[in-house]
Amino acid sequence: MLLTADARGVFPIAPTPFFDDGSIDTASIDRLTDFYLDIGATGITVLGQLGEAPKLEHEESVAVARRMIQRAAQLPVVVGVSAPGFAAMRALTHEVMAAGAAGVMIAPPNTLRTDDQIVGYYRQAVAAIGADVPFVLQDYPLTFSVQMSPGVIRRIVGELPSCVMLKHEDWPGLEKISTLRGYERDGSMRHVAILCGNGGLFLDYEVERGADGANTGYAFPDMLCDVVRLATSGQREAAHDLFDAHLPLLRYEQQPGVGLAVRKYVLLRRGLLGSAAQRVPAAALTAAARAEVDHLLARLALRDPRAGLPPL
Amino acid sequence: MLLTADARGVFPIAPTPFFDDGSIDTASIDRLTDFYLDIGATGITVLGQLGEAPKLEHEESVAVARRMIQRAAQLPVVVGVSAPGFAAMRALTHEVMAAGAAGVMIAPPNTLRTDDQIVGYYRQAVAAIGADVPFVLQDYPLTFSVQMSPGVIRRIVGELPSCVMLKHEDWPGLEKISTLRGYERDGSMRHVAILCGNGGLFLDYEVERGADGANTGYAFPDMLCDVVRLATSGQREAAHDLFDAHLPLLRYEQQPGVGLAVRKYVLLRRGLLGSAAQRVPAAALTAAARAEVDHLLARLALRDPRAGLPPL
Amino acid sequence: MLLTADARGVFPIAPTPFFDDGSIDTASIDRLTDFYLDIGATGITVLGQLGEAPKLEHEESVAVARRMIQRAAQLPVVVGVSAPGFAAMRALTHEVMAAGAAGVMIAPPNTLRTDDQIVGYYRQAVAAIGADVPFVLQDYPLTFSVQMSPGVIRRIVGELPSCVMLKHEDWPGLEKISTLRGYERDGSMRHVAILCGNGGLFLDYEVERGADGANTGYAFPDMLCDVVRLATSGQREAAHDLFDAHLPLLRYEQQPGVGLAVRKYVLLRRGLLGSAAQRVPAAALTAAARAEVDHLLARLALRDPRAGLPPL
Amino acid sequence: MLLTADARGVFPIAPTPFFDDGSIDTASIDRLTDFYLDIGATGITVLGQLGEAPKLEHEESVAVARRMIQRAAQLPVVVGVSAPGFAAMRALTHEVMAAGAAGVMIAPPNTLRTDDQIVGYYRQAVAAIGADVPFVLQDYPLTFSVQMSPGVIRRIVGELPSCVMLKHEDWPGLEKISTLRGYERDGSMRHVAILCGNGGLFLDYEVERGADGANTGYAFPDMLCDVVRLATSGQREAAHDLFDAHLPLLRYEQQPGVGLAVRKYVLLRRGLLGSAAQRVPAAALTAAARAEVDHLLARLALRDPRAGLPPL
């Protein structure tokens, strides 16, 4: 089962669960996977930026991906393979594709500047991993400092048939979605799936602009699934109501650096992770921050009962 | 009336009003100023980054600042004087201080990297403008790419007595506020006012962490005033309720680049500006974006009647 | 006399002479100008990055440019007008063009990333200054962090007829010259003058690749004139011999930050400046560095008698 | 044999030799190693930035390092272990130390900005690799965009006893050497070896400022050895004469991006590499560039017979 340009819905970005001692918590991988299946996710992405991919050794990365692929048999699993060199990218790609991954996700190195450099990088990446491996183009300037204009994305999609999906997390990015969908309508670009990241901060309007769904790691992916379902079934205000209820927490979780600690803490409180541990380097959650998250959850529970969680 | 470290409350960042032809709209300056006085603002900041300061000629800058200073006689007015060189910074500072400004705000040039470079820059800036001019230290890494650790801020506050206020817009920044207030408690740093920017995106918890208020340009500064008032008078949940009601719009307005167009459009709809025009370079609001803002306002009006605005 | 695409030879980048107290040294401006005329310079550029332009107030900038324009009556004088906003850029351009400048030089703001952003910026700059003002496109990624691919330069030249010259200081840049000259040969780009900067570090091969000369501030512009003359009159090895003799000093002067101090010190030793003073912020020359420059000059004097200078 | 703070002389940065098909050329590794031994190198660094380290798979990296370590039995071999995460850094470190490496070299990730971030990164790196592994601190802001003030280096040296050497390639960096040596003299910092990189562009004065030698990859490391020997044995002008003779080629080789292609081409012409091939991404040498290098070599041969090389 390979990823195609028809992907839609929600592909949660899976965190990598660790025990407090830093070793990998396989039971939590299974629990997360089952949860994603349960809530109606249409795919899963592992080993993304917030999956702490650079903190894993090669064999660990393969093991984490393989475990999730096998457990989520019905769902396409995309594996992040971004690496500082093409040798490592190729090696990881080949192993995870052999293990049944649906495709890979590639972020640009933060040294790229010009349009030609960006297009050239993806051309070389495809040469390295093979043109038969579907890939997700990750457009996240806030983190990677690489700015892709709509025209550059169109060039990449045009040149590289194995580009089937855009993980859209430009900010601002609403007009970019409209522009890309306009390219499809005027025939200058073939269709690719657009799933949105950036913590989900603009998901409410992104789906209205033409995005196919979400590809992000917010600790309530069930809300993301609901919002996409409501928005695409004509229940616009209900979608916004639910989204707005989550926005205070979502915004808090989307803080650079500390965001992953928030996310893992909430997933711990939800019983989906056995520990909120990260491998170093990790931003820790202070007592004040933990109290703020608890407060946000308590307020959210007034509007979404799924946030009504027992204390730790 | 000079700015002191006891500043608190809300200093709205005033936009610079233009007519559609790009000339300065003095009547709107007056209307904005009166509005700020009316809603309980405790100060005003003009010619900030989102005041389109770099798009004004020197004489225009002085004229805009002078107009607002005279109209807001009861309130301290801080003037942004950031410039690529100290000659221009000194010239503008001297003119606006002579006109009655309460102090100036200085952002770091985006080439600064090391702690010593940052401290050295502010040392030179003070030498240029004079040690008798109170200044606001602007800490906004998202826009200026300059990262100031709490220790650097402490060094600046320690070395430069004319530093009386921090415009805090680091992101994430909650722990930074706690750290700086901790420095005050342990006696290693004197007190300075901390007013928060970054569009107000974390104002709800920033005041709980010890910030003295807000210094940002959100199009409902009356909400900012209310939230600070509620939060500092023990009405915590009411503060959060009001803040959360505004968060969907606030988040939308805080988008880099396009945010100022959103802000000016809302201020136009509120009758505070005569036009939403910006000088070039300006990100325009598409019809789709305008419809989204209208939708956000309509939803907000259900919870805050001030957002119930007549159509244009 | 307006700058045209036929410019060639050497346009020295003039430093701005200051007295030790920071005021402008007009006599040294005159002396420098006469020297440039004397050595066969074909133009002059004032108020460039290393002319300390951002340290001057507006009136000072106009005065410096006017003085040099009047003194160098026979030569085209290009004025750097880079500014953080178009209002200041337009104001300075209009004043210096009225005073007889041949054109202006515009560097990109260091926030530009994508090809479209770069082209759009120059489009807006031309709209601001007027399409009748010839301008020099400054391509200096090391300092401005903006990377212009050859295709972007071609787009700018194609869209904006008033772009008549490229100040080329990319690094590496030899292939860029070849590519641009190739565009001219294949008819996809009209001819523009290419004068090279970057301290002259690759001038020896740049002229062989098709550059029209130099546009830089090395303290021996007479050497630059000689090298261009020798290289373009078939005396290749003589050009390299002279260039190589200067390379140890030239390389030393081209150090970021401290380079201008070296340059001004050498110009002081040559009797062309009355003082090596810079306005703040300025990197000072330590005693060790001064001794190194003296040593470099002494060694150079063995091969080029112009470096045989009396001690201060 | 572990690296200590007493290191001095020249540690050439070894390129990784490839066959034209991209596989590793072991015979050329041996030939290079023997050459380094022969010319008086006092150590070797492998898998640096210009050793194309990110293009190797983990097993290849270990194999290349092991081969060189075994062949260079008398010399300390330092291995570059910079990686995007500590897991990979630790794994490679443990394997190469077990294979007999003398220490490792660690470059900072290009996201570090504040002094505390830089110190914190090295603290975590040492925690990852073990405090018993000597490491080289690589200070190369031009490539890594991380600026380390002298005070930051002093903090790292003070906190982390396993930091025994600074690979100094700041630019400008002469005053930094003087400052660090001053710290040693005033007792505020213990002695560490300082070997200079940056292509050797300022080696002539760096050794006079107190550097212990060179740690760079210029294609004539025999020249580097001679210059260090001459400079440290009182033959100052002879050192400069030799250095200056090489400067035109050295400067050409030091171009970002294309420099490695120049270096490998010269090493091929010297018979030390069997091929100039790089793995992708690689900047190719055009015919024009090759002719320029040939020209530089021919001119150099007039002053240093080692550059008199047979044509390919």
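Here the chain labels run A, B, C and D in written order, and each chain numbers its own residues starting at 1.
Quick note on the criterion: a residue touches a chain if its C-beta (ideal position, glycine included) is under 8 Å from a C-beta of that chain, and two chains touch if they have at least 3 such contacts.
Quick caveat: nothing in here was measured; it's all calculated off a predicted structure.
K.L.:
Relative to chain B, which chain's C-alpha centre is the most remote?
P.N.:
D
K.L.:
Which pair wins on C-beta contacts, A-B or B-D?
P.N.:
Taking the two pairs in turn, the one with more contacts turns out to be A-B.
K.L.:
Taking each chain's centre as the mean of its CA atoms, how far is chain A from chain B in angstrom?
P.N.:
Distance between chain centres: 33 Å.
K.L.:
What whole-number Å value describes the gap between the mean CA coordinates of chain B and chain C?
P.N.:
38
K.L.:
Based only on mean CA positions, could you tell me how far chain B sits from chain D in angstrom?
P.N.:
From the centre of chain B to the centre of chain D is 48 Å.
K.L.:
Got the chain A residues that touch at least 2 other chains?
P.N.:
Where chain A is concerned, no single residue meets two or more other chains.
K.L.:
Would you mind writing out the residues of chain B in touch with chain D in their complex?
P.N.:
113-117, 146-149, 151-152
K.L.:
Okay, in this complex, where on chain A does chain D touch?
P.N.:
It is residues 53-58, 60, 83-88, 91, 110-111, 120-121, 124, 127-128, 279-281 of chain A that touch chain D.
K.L.:
Given the complex with chain D, which residues does chain C contribute to the contact?
P.N.:
My answer: residues 171-172, 174-175, 178, 201-202, 204-205, 208-209, 237, 240, 243-244, 247-248, 251-252, 255-259, 286, 288-289, 292, 299.
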